[in-house]
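Next come two complexes, and both contain chain A; in the first it sits with chain B, in the second with chain C.
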Partner chain A sequence: MRQLEPFPRGPAQLAHYLRLYTVYLRVGWLSLMAYPVDFVVRNLGNLFWNLASVGAIWVIFTFAECIGGFDRAQVLFIYAMSMLARSIWHLLWVNMMSIGFYVQQGTLDRLLVRPLDPLFQVVAGYVDNDDWGELALGLVVLVVAGRTVGLGNDPLLVAWTGLAVLSGSLVYAAIHLAAASTAFWMVQNSAVTRLAWDMDSFSRYPLDIYPVAVRLTLTWVVPFGFAAYYPSQLALGTGTYRYLALLTPVVAAAAFAGAYRFWRHGLGRYQGTGT
Partner chain B sequence: MPTIIAERLTKDYRIPRRGHGVGSYLRTLFTPSYREVRALDAVSFAIEPGETVGYIGLNGAGKSTTVKLLAGILAPTSGRVKVGGIDPHRERVTNARRIGLVFGQRSQLLWDLPVRETFHLLRHVYRVPPDRYHANTRRFFELLELDAVWDQPVRLLSLGQKMRCELAAAFLHDPSVVYLDEPTIGLDVLAKGAIREFLKEISQKTQVTVFLTTHDLRDIEEVCRRVILIHQGSLVYDRSPQELVQEYGQNARLEVAAAGDAVPTAPPGSRLEGRTGDRWVFTFDRQRVRVPELLAVLGQELSIRDVTVTGLDLESVVRRIYGGEAP
Partner chain C sequence: MTYLVFARAAVLRNLTYRAGYWMSLTGTASMVAVQYYLWSAVYSTAGLAPAGMTLGQTLTYVLTARAASTFLSLDAGRGISRRVRLGTIAAELARPVDLQLSLFFEGLGEATFALLAVSAPVFAVLVWAGAVVLPSPGALHWFLLSLLLAYLVTYALSFAVGLVSFWTGNGMGLADFLEAGVFLFSGILVPLDFFPGPVRALARALPFQAIYHLPMSILTGRAGSFGGALAMQAGWAVLLIWAGRVVWRRARPFLVVQGG
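Moving on, here comes the complex of A and B:
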């Protein structure tokens, strides 16, 4: 057995993974660019779809003053935060939704014989090709709506909004990772990943418009409420949940930690070490 | 110390038990019941550094399960496996750095990109030092003719070219052990030949241990010094391919091309196996009867045009073992 240099640990390990991440991203980009027309058309489609959704909100407010106690600029602000959080998750980590496919096809075996964390390989192994429109539009709407609600005057709140968007992405990641990890028990789990995918629309509007049962679910079970709604309360200075808003980064981190444990548990089951 | 040690290696899979009909299907949703299927049953072997071992068996015999246990993908239900002194499943990452793997059916090549991009990625994944990277790719250019496809997208390659790339990718980081799960499946004669030549060359020149599962016994006859045969999850044979043929393959095969359709009687010491084309096929025991005697007897009945004699190859030997025939 040939002796090998030990792999780096601690900060050097993090550096190794960051460097590998750039190598993987490069590969992902090159793969996308193998089909440039496909890339352009998909993103145009995505942009139009999101423009239509934002337009729909605009139209609703020609009939109503407020929705759930929020005016047009406030609703658009929440909607934009949600778009940004979702698109960042989508662009970087959407491939976690393929875990079920990896389990079914046995592709997971390929990941397990490489000296890397398997989740890293899933996430870094594919660069998404069709959500750039949402990211761009989300940024524009966030800036415009943010100015209208007077956010621009307070650098602290701007910084908070940035942190909240990143936390929101982590919430998305946690929910989709947990949903995808059901594949270790169900094998065919596209119904579950699809459910999580469809439920994310709930994160886009003020929770106030939903019945209490739905609100509780979106807060404590499938915490899409923390993707945009709760953290926006602090930035907007309205609503009754400003203290819950402060919890957003903690909730995001806890949710992701829980989802990661669930994934590891499922992986152990796949390998025959779990229950 | 052996590179690979398997001690009473056993693997059970849990298969959900499902009845027929919607009603019973729904019942199993809420009260699932499972049955255990034993894929591998107390298999033991030890493989020394530098050995080239062929691992054969029918579909479902437990070949892939064994490879997955040795590679650390699965944990055994019971028994023990050590590769290079460590448990490949518990120390998955350490083990993964030392091994290379070719799954004939599951590619690790980057489909849409030129071949070189896969190697560029693997170089970073395994932290291959620059001098080793250049030496190894040069060797692959030479032995596997990778230079011809280096800049071509993988999706445009032929099956044979892809398999050469897979093989090179598995050897890029100078692994101590390489597992090859059916590397020649579906390939033409030329591509198979190239892959066998590469394996022979690399196992002679380096200390790499090669563990090869295959359906093609020519792979084993040409490349391996040792053959392990499993059947229904149990080890049934572990020796050299030559010994296998000697022990089970006393019989040789005689093909006689003759005109006419009259079925000949088999001479003493031989057996008529059937007819392929215009040829009658006999098997005979070399210890008991010799070819000239056979032909003398057959010549009285048939007008013989042509004759071929072959020793039985590994394939027919294996078929005899599975068929339960006494040696």
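Moving on, here comes the complex of A and C:
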């Protein structure tokens, strides 16, 4: 078996990867700009789509008092955190969902012969074109809802929210990397990647609305609860799971480390398609 | 009908591509589940009946709409954009078939499969679980007719929008925009009756309500007259199909065939 390069360790290699990443990002950006009108229209569409989702919550609160024990500003805060965490993952790392295609079509071979970490190449090779509206709206709603719940007065909590959003992105990345890596065992794994994709809508509302079995699954099996719901409780100062919130960065790092090991394990048994 | 071949091919393709089927079934099931828990939580306050809608009616409306969304998809327009972007549209135009009709039947095949294999089973489970309440058999017939008209409106809208790629070279952007419009104004997200007055008036002036709101109003017995709802849908369907025809005739000279 071929020996797999370890992921960059040491500052020199890290600097090398960072420099390459800027090159990859520039190329990705240029390919987005090949159809500039389409890019703008597409992201406006995305903005309106997300605006509709936020609007739906607004409409619900014209007659409801709370959802799962959270009021309007709190629900919007959780929703905005999940939008931000999801869009950061989606804009920069969504191509990890294509691992299945690389395996099926044999194009993974091309990444393996280059002297770079293959996952880095998969992720850096594509900048997403249609989720910038979600990022922008997530930021706006987070700020507005954050002010309403009185978050702005505490710099520590603001810093926590920033850390929590990045951790949330890592949670998304971990779940989708693990789902995509099943491609090394199954010829057709799109049902698995799609399930992970669809399950993320569970992460947008307070978990209190789901039955216990679903809640436990979203906490310990597919940890979407840590994408927004648990970390938000510390920022909001409410909810029964504030102590779990502190675990968010740890859970995110552990989940990603586990998913990365799973991917390396799969990569180790990859034989190529022979094409 | 020679065009039925396109529908048949689409059904056969779906039957072969098993993974795609599980994808769309799990996708639909998780969307329905989230909506079920969300609306149940909204209604947990005792005595709540916004716009006179009970929890039972709201669940019937929202969950059936989600189940139906799998076959009321906007893929026809994306199909055109993809063909324009890849350049294969040139070969399609050279064939002795009408593009609008052949795409319609291809879409019909896809939709029939999605309806029978995904939407109907999910709907049946919802009825069995008591989350969706069926109306009288008479209303059910009108509901099915209304769904058919909803399909025509969906198809006609996405076809007309897909043609814009003849001018822009890539119509995915506008397809996304259309999806946002449907999302916001069709009733799939929130029953239109919950909207504040002016927004509701706007939604009622747009064609999107013909896709989910009117069929679901018939299903939940809130349509007023069935005839009025169906006539509204049929009107939009005819208008949009005709508009697609007109745009199609104008769009052809603008086509730039892009490299293979």
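We adopt the following convention: the second predicted complex is superposed on the first by the 261 of 275 C-alpha atoms of A that agree within 3 Å, B and C clash if a C-alpha of one lies under 4 Å from a C-alpha of the other, contacts with A are read in each partner's own complex, and residues count from 1 in each chain.
Just so it is clear, a contact is a pair of C-beta atoms (placed from the backbone, for glycine too) under 8 Å apart; a residue touches a chain by one contact, two chains touch by 3 or more.
Worth saying up front: this structure is predicted, and the values here are computed from it rather than measured.
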item	value
Dominant contact partner of chain A by residue count, chain C or chain B	C
Touching partner for A:261 - first (chain B), second (chain C), both, neither	neither
First (chain B), second (chain C), both or neither touched by A:112	first
Partner chain(s) touched by A:272 [first = chain B, second = chain C, both, neither]	first
Touching partner for A:42 - first (chain B), second (chain C), both, neither	second
Chain B versus chain C as contact partner of A:242, first or second or both or neither	neither
Chain B versus chain C as contact partner of A:130, first or second or both or neither	second
Residues on chain A lying within both footprints (that of chain B and that of chain C)	35
Of chain C, residues touching chain A in the complex	18-20, 22-24, 26-27, 30-31, 33-34, 37-38, 40-43, 45, 48, 50, 168-181, 183-184, 189-190, 194-196
Residue numbers on chain B that touch chain A, as the complex places them	3, 11, 49, 68, 71-77, 84-85, 89, 92-94, 96-99, 101, 103, 106, 108, 110-113, 117, 120-121, 124-127, 153, 174, 176, 207
Residue ranges of chain A in contact with chain C within the complex	35, 37-46, 48-49, 51-53, 55-56, 59-60, 62-68, 130, 188-191, 194-195, 197-199, 201-202, 205, 208-211, 214
Chain A residues within the chain B interface of the complex	1-2, 4-5, 7, 16, 19-20, 23-24, 27, 30-31, 34-35, 106-107, 109-110, 112-116, 271-273
